[in-house]
Amino acid sequence: MRYEVTHGKDVFSVDVHDVGGGIYDVTVDEETPVRIDAAKSPRTVYSLLIDSKQFEGSVDERDDGRLDVHVGSSAFDFEVIDERRKALLSAATTVVQGKQDILAQMPGKIVKVLVEVGQEVSADEGVIVMEAMKMENEIKSPIDGVVTEVSVAEGDAVETDAKLLVIDPPFNQRPFGPS
Amino acid sequence: MRYEVTHGKDVFSVDVHDVGGGIYDVTVDEETPVRIDAAKSPRTVYSLLIDSKQFEGSVDERDDGRLDVHVGSSAFDFEVIDERRKALLSAATTVVQGKQDILAQMPGKIVKVLVEVGQEVSADEGVIVMEAMKMENEIKSPIDGVVTEVSVAEGDAVETDAKLLVIDPPFNQRPFGPS
Amino acid sequence: MSSAPFSKLLVANRGEIAVRIMRACRELDIRSVALYSDVDRNALHVRHADEAYPCGPAPARESYLNIDRILEVAKECGAAAIHPGYGFLAENAEFAERCAKAGVIFVGPKPDTIQSMGDKVIARQMMAKANVPIVPGTTEKLSDDEAIKFAKEIGFPVMVKATAGGGGKGMRLVRAESELEQSIKRARSEAKASFGDDAIYVEKFVEEPRHIEIQILGDQHGNAIHLFERECSIQRRHQKVIEEAPANRMTPELRAKMGDAAVAAAKAVGYEGAGTCEFLVDKHNDFYFLEMNTRVQVEHPVTEMITNVDIVKTGIRIAAGEEIGFGQDDVSISGWAIEARIYAEDPEHNFRPSPGEVSVYRPPGGPGVRNDSGVYPGAEVTVFYDPMISKLVCWGRDRPEAIGRMKRALHEFVVKGIKTSIPFHRVVMNHPKFLEGKYDTGFIEQEILGSKDVPLLNDKDELKVGVMLAAIATYRRDTARASRGSSNTSGEQSRWKTVGRARQMRGGSL
Amino acid sequence: MSSAPFSKLLVANRGEIAVRIMRACRELDIRSVALYSDVDRNALHVRHADEAYPCGPAPARESYLNIDRILEVAKECGAAAIHPGYGFLAENAEFAERCAKAGVIFVGPKPDTIQSMGDKVIARQMMAKANVPIVPGTTEKLSDDEAIKFAKEIGFPVMVKATAGGGGKGMRLVRAESELEQSIKRARSEAKASFGDDAIYVEKFVEEPRHIEIQILGDQHGNAIHLFERECSIQRRHQKVIEEAPANRMTPELRAKMGDAAVAAAKAVGYEGAGTCEFLVDKHNDFYFLEMNTRVQVEHPVTEMITNVDIVKTGIRIAAGEEIGFGQDDVSISGWAIEARIYAEDPEHNFRPSPGEVSVYRPPGGPGVRNDSGVYPGAEVTVFYDPMISKLVCWGRDRPEAIGRMKRALHEFVVKGIKTSIPFHRVVMNHPKFLEGKYDTGFIEQEILGSKDVPLLNDKDELKVGVMLAAIATYRRDTARASRGSSNTSGEQSRWKTVGRARQMRGGSL
C-alpha cells in the first residue's frame, strides 16, 4: 500500500509492504526499502526496530484526521493519505469546472447514495459511499452544483470508470449559459 | 438481579439493584441494602465508595470461571452464580435418578440443540443452549444416560416447564430393569 | 516513631498535592479523606483516600473553594484536621478562621499570619521591621521631586511604576539620573491613559534577577529553622517550570545570610508549619524579600531530596502541636535535586491546554527518580483545574548527575492521549546556559521562546522514522477496519462470533 | 562529570536488571544494546535500549546463555563492553574469558577471580589465607576419631555432614559431646543409603544465623573499599525475598570488622568492579565468610539508597579503567532502606508461578520510593525466566519511616492480570518480629509459613466488600454480554454500527 505523508511543506511517498508478523518493508521516496519490526500491544506504544536501532513511537489520530506522531524526543504533525483514497478523491482535486461526471476510480460496491436527482450540493459534500478493497470511502462533490443524474443504486457492484452520478454547476456558472 | 457468592464454605445471597450511573444498591443475606458507587474505566481497577469509605478492588475471571477478587490488602477466591442460571441448572442438582425430563425453568428461546436421539451423554455434558432474559445458558445433562427424546428445535420459543428433551439412565441403572 | 498525630485528616485539595498529603497520612497512620467534584470521581486522589465525599460541581468556586461544604464534610466524617495543600483555600485566612471556629485543626499557620503575609504592603512593613532586606522603594505615590530625590537615594537603575499599575503598563526602567524626569513624565501619562490615575512610585531595579526561596519550618513552641534554598528562576509567565536545590552560584555566606533572614521572617510572624520566603537575588548577590508563601510549596520535593526531611509529614506533626523535632544543626545539604513540572499542554502550540484521557502512562523509575503524579492510565485530564499532571524530581550526587538522571527520566516517561510539556523539558535540559547554571528569570523568554513555538529537538533521523511509522500505523488501522467491516455478512455468523466473544471473556478482567 | 567511558555497551541480560544497566548507560551517555529471545520482543528492556538484536529461542540456554550468539551480536553492533547483570552468564568465567579474547570488555572481575570464587573449596582456602573468618570445619572426609577430635577443637554445637551430601540428607546437628558418636553413626548410614558413600565431615553450627553481606568495590588500580552491609535474612527456600540496609542489631565494631574483612577479601583476589562478600552472623555476633558474589547483586539498590553511590555506574566506569573515584572515608550511611522483591507468583497457593499479561500496572511513587521494574502495562510475563517483575525499594530517615513507606507503597501498588507477592510483603511488614528487627534466616519458615499457604491479611470488612464487588462485576459482565448479544439482529444494523465504530476511531490512538 502506498501513502503520501505530508509534513509541513514536505511530501513523502511511502510504500508499506506487509511481510507478516508485525514486520514491514517500507520504502520512502523510491529509496532502498527498510525492514521495520513494529511491535505494539493495545496497552502501549510502538517499539520499532529499524536496522536494529530501537525507537519507541506513538501515533494519535486527531479529530481533524491528522496524525500526531512521537518518535524519541521528536514530535511531528502529519497528514497521511493513501493513494487509493487519493485516486478516489482525485475528481475533486483535478477537474473543477463545468458538468461533472463522477466515475468510479476502481472496482467496488456502492454502499450508500447520499443524494438524489435535483438535490443541491456544495463542493466537498459527500455524495456516495463506495467500498473498494475492503475500505469505505466517501466520494465528495468536486463543485457546488445540482445532482442531475444518479447512475447507481446501493448494493451495485461497479467497474473502473463506471459513471456514478452527474453534477451540473449552478445556473449562473454554466459555461454556455442555461442548458 | 440476585447472585449466590460462595467463599470456601460460606455462601452469601447477594441482590444487585442497578440504580444507574455506576451506582448499585446491594443487599447481602437480606440485610439492609448498601449503596455502592462503583467507578471503573477499562484501563484500571474499581474504586468503590461504600458509605463514603473508599476501596480499590479488582475482579478477574479465571479459566475455570471462578473469580479472583482483590479488595485493599485482601485477596479472595469466589464462585458466583446468578439465581436464574441456578434455576436453569437446578435439574442437574436436585433430581439425579431415573428417567430425566429436562424442562425449561423459564420462558426463552432455544439457541442450539447439542445432542440427538440415541446419543449417549455424560452427567454435566451440555445438551441444549437456551437464551433466557438475554443470556445464553447451557443446560447440562443431570445424569449419565442416553437421549431418548428431543422435544424442541433450534429457534423455538418455549414457555416455563416446556419439555425440552428426555434422557434415560443407562440400561443397568434403570430402576425397574429394561423398559 | 511517635503514634499518629490525628486519627483522621480531610484533604481540601485535588491532584498530585492531595495524593502527596494522603501518602504522608498513610505513613503516619492517619485516615485520609478526599473531596471530589462532579468531574473528579475517577481522579487519582480519590483512589488514594480512605474515605471520599462529593463537594459540588466542577467549577472550583462551587466545590474545592466551597468552604461551607468542606466544613460540612469535615464534621460529617469526623476529621480532626484539614490540610489545604497549595492553591484553592491554602492562603485564605477566612477559611483558616472558619476551621478554628468549627473546632477543626487547619494544617498551616495562624489566620493572622496568612492575613498579614497575604497583604504585600503589610508584609513589606513587617519584614523591614525584622531587618529582612526588601526591594528599596516606596509603595505610596510620590511627587516628581520626591521621586527624583528617592531615586538618587537608592541608586540607579530604578523602576518607575504606576501605583494602580499591572501588566507592565505605566512601568519604566531608568538606568541613569539623566533619563529620570522624562521617564516619570511618560509613566504618568501611560498610567493616566491606562488606569485613569497618574500616581507613580519608585523601586530599585533588580538586575538579572534570580528567584531564590528559603524553605522554613516553625512550630507552636517558638522553634523556627530553615531547610536551605531552592532556585526557581526557570519561569514562563511568572509560573515556575523547573526548580532546583541547592541554587546555582550560591556561596556559603549568602546561604547563611538568606537562611538567617528567612528564620527572622518566620519568627517575626510566629510562623507555624511549613512555609517559604521568596527572594530576588541580583547579579551582585544582593537579595530582597519578595513574599512569604504561607503553605506547602509545589516544589517542596527538591528540598526533601537534598535534606532527607519529609516536609509534609513534619507540617502535619507541627499542626498537631508537636515540635519540629530537630534543629538547624541537624540538617545539611546532600547532593542536588531538580524538579520538572509536567503539564498537560502542547509546547509546540504556545502551550495550549491539552485535556483528555491519559491512554498510556509509563512513569520513569530507577535510581534517584521520584515521580509525584496526579494521574494514572485511564485518568481524565479536564479543563477545570490546574493542568499540572506530575512533578518529576531527580536527585544526583552533584548537579551533572541530577541533570543526567532528569534527561534519562524524561526519555523514559511515556504519556499518551494528551500532550505534555515533557519535550519542552528536554530542550531545557540540553540548553548550554542551563547546563552552566547561569540563568535568571528571563531564561525561557530570552533563550527558548525566541520564536512563538518551542523548537523541539526534532532530528532528521526521527523525522524519517516518524514518516514511516505514520504510514505503518495508517496501514494497520485501515486493515483492521476492513476486516471488521467485512465480517457482518450474516446473522448466523454474528451469533457465533458473539458466543466466541463471550467465551473469550473467560480469564479476563471484569 | 567525566565523558562517557565507552560509546556502546551490550547488556547480556533481560528484565529489571537489564533496564537498570541501560538506565546507567543513558546517564553516562553510552549507547545501550539489548538482546531479546523469541518471547521477549515486547519486553521492557528492549524498549529501554538504543539498539536490539534477537538472540535465539525462548529457553535461556539457547538465547541468554548462548555465548557464541552474544559475542556475534557484540561484534556486529560494535559494542566496546558487555554487562552480564546477575544470573545467566554473570558468574561464568568462560564467558568472561571469551569476551577478553574477542576484544570486548567484560564488566566484572577478571576471569580467574570468577573462577576461584566460584569454587567453594578454593574460595574457602583463599579467604582463610587472607584472615577472613570462615565457618570452622573441614571439607575433607574424616574418620570417627578425627571427627570427634575436631568437633572438640571447634566446640559445640557442630554439624556432621555427608561429603556427598545435599538436601539435608546425611546431616546431623550435634549440641553436646555426648551425642556425637551416635550422630556420626547415623549420618554415615544415611549418607551410605542416600549417596552410596558414607564419608562425613564436621562443621561449626551457626546458631540463629543471619545473612549479612558487604558490598565491595575494587578497581584496576588496586583500590578497594566497601559500602557497608545489607541484611538478607528474609528468605524462602534460600531465595532472598526482603533485604535491608543497614542491618538490624549491627554494632559499629562489628560493622568495622566485617567491612575490613570484606576489603581484605577483595584485595586478596584483586577484585575489579562491584561485588559482594556474603557472611553468616550468629547470635553471638560472630561472623563467617559464606561466599563471594562476583557481580552486581539483585539487592544493590538498598546500598545505593543509604550511601548515595550509584553502584552500576561505578562498576561500568571501573571496567573502563577508571578509579573508584572516592575513598572509604568519603562514604557514610544515611538513613535506612528496605527492598521487597515482587514476584509473579501466587502466595496464597504455595507461591506457584503466575504468568500472563500485566493488564493494569500502577507502580507506587512519591517520597522515598524507588521502583526498579521489569514490566509495564501490556507486558507479558512468561514461564521461561525468573518471575521477579519488580524491586520495590523504600528509604526513610530511620527504619520505622522506611517500613511506613514500604507499607504505604505496597498499598499503592496495583498489578492486575497476574498474581504477585505484594500481599505476602504486606504480611511481613506487619509482623511483630520483623518490626522489632529480630529475625534470622528461619523467619519465613517459622513465622509465616506455619500453614502451607500464606495467611494473607484478609479482614471481615474487606470480605464483605469483596462479596458485593463480585456480584456487581458479574452483573455488569452479564449486562454487557446481553447488550452485545442482542445487537446482531440484522445485517443493516450491523453495517451502521461498523460505520459508527470507524468514526469513533477518529481522535484515538493507532
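Assorted remarks:
Residue numbering begins at 1 within each chain, and the chains themselves are lettered A, B, C and D in the order written.
Here is the rule we go by: a contact is a pair of C-beta atoms (placed from the backbone, for glycine too) under 8 Å apart; a residue touches a chain by one contact, two chains touch by 3 or more.
All of these numbers come straight from a predicted model, not from anything done at the bench.
Two chain pairs, A-D and B-D, are weighed by contacting C-beta pairs, with B-D ahead. In this assembly, A is the chain whose CA centroid lies farthest from the centroid of subunit D.
Subunit A and subunit D have Cα centroids lying 54 Å from one another.
Subunit A and subunit C, compared by their mean Cα positions, are separated by 46 Å.
Inter-chain centre distance (subunit A to subunit B, centres taken as mean C-alpha positions): 49 Å. Each of residues 359-360, 362, 376-377, 411, 416-417, 473-474, 477, 481, 485, 495, 502, 505, 509-510 in subunit D touches at least two other chains. In subunit B, the residues that reach two or more other chains under the touch definition are 43-44, 56, 58-61, 67, 136.
Chain contact topology: the protein chains form a pattern that is neither a line, a ring, a star nor a complete graph. Shown are all chain pairs that touch, namely A-C, A-D, B-C, B-D, C-D.
For subunit D in complex with subunit A, the residues that touch the partner chain are 34, 41-42, 46-47, 49-53, 77, 357, 359, 376-378, 495, 499, 502, 505-510. If you check the complex, the residues on subunit A that touch subunit D are 37, 39, 41-44, 47, 49, 52-54, 56, 58-63, 65, 67, 111, 136. Contact residues on subunit C toward subunit D in their complex (touch as defined above): 1, 19-20, 23, 26-29, 48, 301, 304, 308-310, 312, 334-335, 359-363, 365-373, 376-377, 397-398, 400-401, 404-405, 407-408, 411-412, 416-417, 473-474, 476-477, 481, 484-485, 488-491, 494-495, 497-498, 501-502, 505, 509-510.
The touching residues of subunit D, when paired with subunit B in their complex, are 348, 360, 362, 377, 411, 414, 416-417, 419, 423, 426, 456-459, 462-475, 477-479, 481-483, 485-486. Subunit B makes touch with subunit D in their complex at residues 1, 3, 5, 7, 12, 14, 16, 18, 24, 26, 28, 34, 36, 38, 43-46, 48, 50, 55-61, 67-78, 80, 82, 131, 133-136.
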